[in-house]
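Going in written order, the chains are labelled A, B, C and D, and every chain counts its residues from 1.
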Amino acid sequence: MSESWHGGAAAVATLTFDVDAETPILAHGRGYAGHATTMSHQAYGPDVGLPRILGLLDELAVPATFFVPGWVAEQRPGLAASIAERGHEVAHHSYSHRPPTSLTPEEERADFVRALEVFAAQGVEISGHRAALWEATWRTAGLVAEHGLLYDSSLMGDDRPYIVETGAGRVVELPVHWSLDDWEQYAYLPAPNVGAVIESPAKVLELWRTELDGMRRYRCLFNLCVHPFLSGRPGRVEALRRFLEYALERGDVRFARCRDVARAALADSGLPVRPHRPPVVDEETYPA
Amino acid sequence: MSESWHGGAAAVATLTFDVDAETPILAHGRGYAGHATTMSHQAYGPDVGLPRILGLLDELAVPATFFVPGWVAEQRPGLAASIAERGHEVAHHSYSHRPPTSLTPEEERADFVRALEVFAAQGVEISGHRAALWEATWRTAGLVAEHGLLYDSSLMGDDRPYIVETGAGRVVELPVHWSLDDWEQYAYLPAPNVGAVIESPAKVLELWRTELDGMRRYRCLFNLCVHPFLSGRPGRVEALRRFLEYALERGDVRFARCRDVARAALADSGLPVRPHRPPVVDEETYPA
Amino acid sequence: MSESWHGGAAAVATLTFDVDAETPILAHGRGYAGHATTMSHQAYGPDVGLPRILGLLDELAVPATFFVPGWVAEQRPGLAASIAERGHEVAHHSYSHRPPTSLTPEEERADFVRALEVFAAQGVEISGHRAALWEATWRTAGLVAEHGLLYDSSLMGDDRPYIVETGAGRVVELPVHWSLDDWEQYAYLPAPNVGAVIESPAKVLELWRTELDGMRRYRCLFNLCVHPFLSGRPGRVEALRRFLEYALERGDVRFARCRDVARAALADSGLPVRPHRPPVVDEETYPA
Amino acid sequence: MSESWHGGAAAVATLTFDVDAETPILAHGRGYAGHATTMSHQAYGPDVGLPRILGLLDELAVPATFFVPGWVAEQRPGLAASIAERGHEVAHHSYSHRPPTSLTPEEERADFVRALEVFAAQGVEISGHRAALWEATWRTAGLVAEHGLLYDSSLMGDDRPYIVETGAGRVVELPVHWSLDDWEQYAYLPAPNVGAVIESPAKVLELWRTELDGMRRYRCLFNLCVHPFLSGRPGRVEALRRFLEYALERGDVRFARCRDVARAALADSGLPVRPHRPPVVDEETYPA
C-alpha cells in the first residue's frame, strides 16, 4: 500500500527562501562588487531580512527550506548551520548563482560539486537542489541523482510533485513557478536590470492567496519562493505574515520542508513520471 | 432576409485557447530547446493546463475554439482530435508559430500549408486560422481564402466581425485585441523576453469583466485569447471560472465556437467590409 | 480689468483626442506598413473608436479638441471637417507624427507647414498645435507664434496655462502630462515597442479621478489626452464615460475646447510667463 | 547613559525631497538640453512642485530634508536658502547627479567638492549627503567623513540607522530603499528611459502605508524619498497629504530632519556598525 504525497491535505505548502545575497548580481559581472549601494542592498538579505524571517517562522511554528548558494555559505560561515539548528532545511542552490544554461557542461558540474563540498565541510546535510535563476539544463537533474540527493526544485512541468527519470536514477521534482516568486513582484535596481516594477505587498498577498485557493481545489504543491533581500523589508514581511495566517486558518493546508515532501512523494506509487528530454527541433523550422 | 451575426445577444463570446506549447519560445531561437526549465514551463500547457481547462468547460457546458500550431499537433498525436471529440473546434495557428511578418512570402505560404497537411493527416477539420503572434501580413488573409477556410482571427480593425476581401475571395474576420489576451497579463521568462510583469488574476478578471460589459453596450464580439501554459495555473483557472460564471449570469451573452460565429456572420448581409490594403507611404516622410 | 482664465471654476477640463491612426507606428519605420495586424490596430482609431467617442460626447454634451496629424487628415478626407461640424475643435498635431527632437530645424519647419497646408485646403480652421510624441524642441513654440496660432499644448512646465515668449511673439501654453495620457496605460504592441503593460480601465479611472480632485484643490487645467485607437475599445470608453460623469457631477469643473481656454488665458493679465530657453550646460559636467 | 536614536517612537520618519530638476536627464547626455518638453517636465519640480510641497509641509507642520544637487542650487540662486529659512534642512546631493559608479575616483571627488563649494558660497549649512541615483561607490562614505559631514543617506544595508567606519572616520548611515522612492512608481519619459509604468497615487499611498505599518512593528527609519517634479503633481500631492495625515494620526511616528536623526544616532551607543567593504570576488567564479 502506498501513502499519498499530500497526506490528505487539500494543498501542501513548502516555504522556500533563496538566500542569494550578492550572488545574482555578481553573476551579471564582477564589476558590480564596486557598487556599494547595490552590494548593501543584497547584504540586507542575510543581515536583516533573514533574522526577521526566522523570527516570524518561529512565531508561527512553520517549517521552511532555505536554498543557499555555496558562495554565500562560504562567505558567511555559520549561516547555514544556524538555519538548520532552528529545525529548517538547508538546500543546494548552486555555488555561484550563475544560470546553468549559461555554463558549459564542465562548468555546470564543477559549480554543482563545489557547493556540495562547502556544505560537507560545514557539516550541513543536503537533500535537494534548486538551479540558479531556475535555468536548469537537461543535465541538471542528472547531477542531482548522481550525487544522491532526493529532489530537485527547478522545473515547471506540473504543479504537483513528479518523478524525473535521469540516466543516473530517478529524482523527485518539486516544481516552481514564476508567479510564486517574490522576485518578479519586488526586485528593482537601476543596474543590472533585475526588474522594473515595484508592486505593493497588498497585490502580492492577493496573488498568493488566489493561487493557494486554486491549489486547494486541485490538490497541488504551493511551492513559494521568497528572497530575504526583497521580502525581508518590513511591509513585505507583514504581507508574508498575513499570507501565512490566512493559509493556517484554512485548516487544510500542510506546511512541510522540501525534503519531507520529497520523501513522501517517493513513497507514493501513484506519482506521475514526466518525460525529461529536449524537444527534437528541425533546423529548417526554427532559426539559430 | 438576413440573420444578424449575433442572433440577438448583447454580446457574443468566443473562448479561444492558443495551445502553443514550446513553439513561441523556439521561434526566438532553437537554442532554447536546451533550457530545461523553460521547456517544462511550456509543456505544462498541453500536459497540465489543457486537461484542467477542458474539465472546466465541461463543467460549465461552454463551447470553445482551440488554435493549435501544426508542430504541436505533430509532436503530440491525438491532442487535436481529443479536443474535437469533446465538441470543441480545433483551428489553424500556423505550423511553427514564427510571426508571418518575419517570413518571406514563400516561407509564410509553406508554413501555412504544412499545418493544414498535419491536420488533414490527423482527420481534424479546420475552418479558420489565426496568425502566430497576431503578426499577420497583407498576404495572410489571402492564404485563408485560397485554402477554403471560413474565417481569420488575427486582425484588429473592429470589435465586431467584418468581411475582408482578398484577391482569392472573401473571409470573415473575427478580430482580436491585446487587452483580451492573457499573455500580456501573465507571461514572464528571464529569457527570451516574453513579458516582464506578472499580474494578479483579480486584475485580469476585472479587465475582462469591464470589457465584456462595454461590449454588451455596443454589441461586440468578445474574442478572448487564453494560453493553457499561462492560464492553466490553479489561481488563474479560478479567475477564468469566475469570469465565465459572471458572463453566464448576465443572461445576454452567447457563447459560440469561432466557426459558428463565422457562419452566422457570412449569412448576415449587413456585415461591414473593411478595406484590406497597406497604407501608401511616402518614402520621404517616413524613415526606413 | 482682466477676466481669469478659469472663469471661477475649481478646475477647467480640456478633453483632447489625438487621432494618430497609423502615424506613430510609421514614424518607427515605414516597414511597419507591411504589418497588417498592426495597421488594423491603428486604423481602429478613426474607423471604430472615433465615432464611438463622438457619440459619447454628444450624449453628455461635452465639447472637445481633436489633434489630427496632417497625414491622417489627408488620407481620410472629410474626417477633420466632420469633427468640426459637430462643434468640436480640430487642431494641428504635426504632419507625420515624427517627434521634432528627431528632426533637423528645416525638417521640423517643413513638417509643421505641410500640416497647415492640408488643413487650409480642407477649410478647417486651426488655432493651436501639439507636438508629436510631446517631444517639442525650443523652436516649436516659435513656429506656433510665427504662423499665427493662439496656443501650443506640448510642454509640461506647469499644470495651469502659461505664457511662452518666443522670438516671433507670445503663445499660450496649455500644458500636458504623461499621467493624463491613456498611451502609458493602455498601449501595447509586440513591435515596435510602444509600451508593455496593459492596465485595467478601473485603474485608469482612479488615476484620472485622483488627478482631477487634486486639480480642483489647486485650480488647474485638467488637460486629458486620449487616443481613439486605445480608449475607443468598449471597456475603456466605459471608463471614460464614468470619468466624465464623475467630473460633471462635481459641479465645479468647466469643460472647454482648447481654443476657448487659450482665448480666456490671453485675456487674463495675471497669467505667469515661464522662461523658454534651454539650460546652459557645461560640456565638462555632462557627457555627450 | 545613552539615548536611543528613535527617542521612544515606534518609527521615525524622515521626509526627504530630491530637488533634481534637469540633472538626472542631463546625466544621460547633454543633448537632452535641446528637448524642450523634457526640460519643462523637469523644471516643473522646482518651479511648481516645490512651492506646493513646501505649502503642504507648512500646513501640517512637518519638518523635512531637501537633497539638492549643486548644479541646481547654482542655476537657481536663492532656492536652497529659501528652503532652509522655512526650517527645513538642505543637504548635499552631488553637483551634477551623475552616478558615482560611472565616475573615476578623481571625478567623484571633484563633483563632491564642487557641490560643497556652491553651498558654502550661498551660506547654506550642510550636514549630510546622498549619492546621485543611490549609486554610491566604496569611496563615497569616506568623502562624507573627510569633509566633516554627519551622515550619508545612500546605502541599503539596514532599515535602521547604522554606523559606517571609513578610513576617514565614522559616518551615520540613514539607509534608503527603492520601495520608498516615488521615482519607480511615477517616472516616465519616452527618452531617456527613466521608467515605463505610471502607477496610481492610490497604489503608492497603499505601498507607503504598508511599509510604515511594518516599520512601526520593527522600529525602523521610514526614510521616504520624493521628487518634486513627480510628486508635485496635484493628484500625487493629495496622496502625500493623505499619507502624512495617516502617519500623524498613528501617534507613535516621529518626524524629523535627517541631521536631527543623525545626531541622535551618534549619541546612541547601541547603534550597529555594519561592515563597509566590497565582497572579495574570485575572478574565475564571476565573469567580467
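Here is the rule we use: contacts are C-beta pairs under 8 Å (C-beta built on N, C-alpha and C of every residue); 3 or more make two chains touch, one makes a residue touch a chain.
Note that the structure is a prediction, hence the values are computed from the model and not measured.
Because subunit C and subunit D share one sequence, their contact can be compared position by position; here under half of the interface residue numbers appear on both sides.
Most remote from subunit B, judged by the distance between CA-atom centroids, is D.
Computed centre separation for the pair subunit B/subunit D is 48 angstrom, with centres defined by C-alpha atoms. Between subunit A and subunit B the centroid-to-centroid distance comes to 34 Å (mean Cα coordinates, whole Å). The residues of subunit D that reach two or more other chains are 196-197, listed in rising order. If the chains shown are joined wherever they touch, the resulting network closes on itself as one ring, and no chain has more or fewer than two partners.
The full set of touching chain pairs reads A-B, A-D, B-C, C-D. Those residues of subunit A whose C-beta lies close enough to touch subunit D in the complex are 22, 26-27, 29-31, 33-41, 43-44, 47-48, 52, 71, 75, 95-96, 98, 186, 188-191, 196-198, 200-202, 233-239.
Contacts from subunit B toward subunit C in the complex involve residues 99, 101, 131, 133-138, 140-141, 154-159, 175, 177-179, 184-185, 195-197, 203, 206-207, 210-215, 217-218, 220, 274, 276, 278-279, 281, 283, 285-288.
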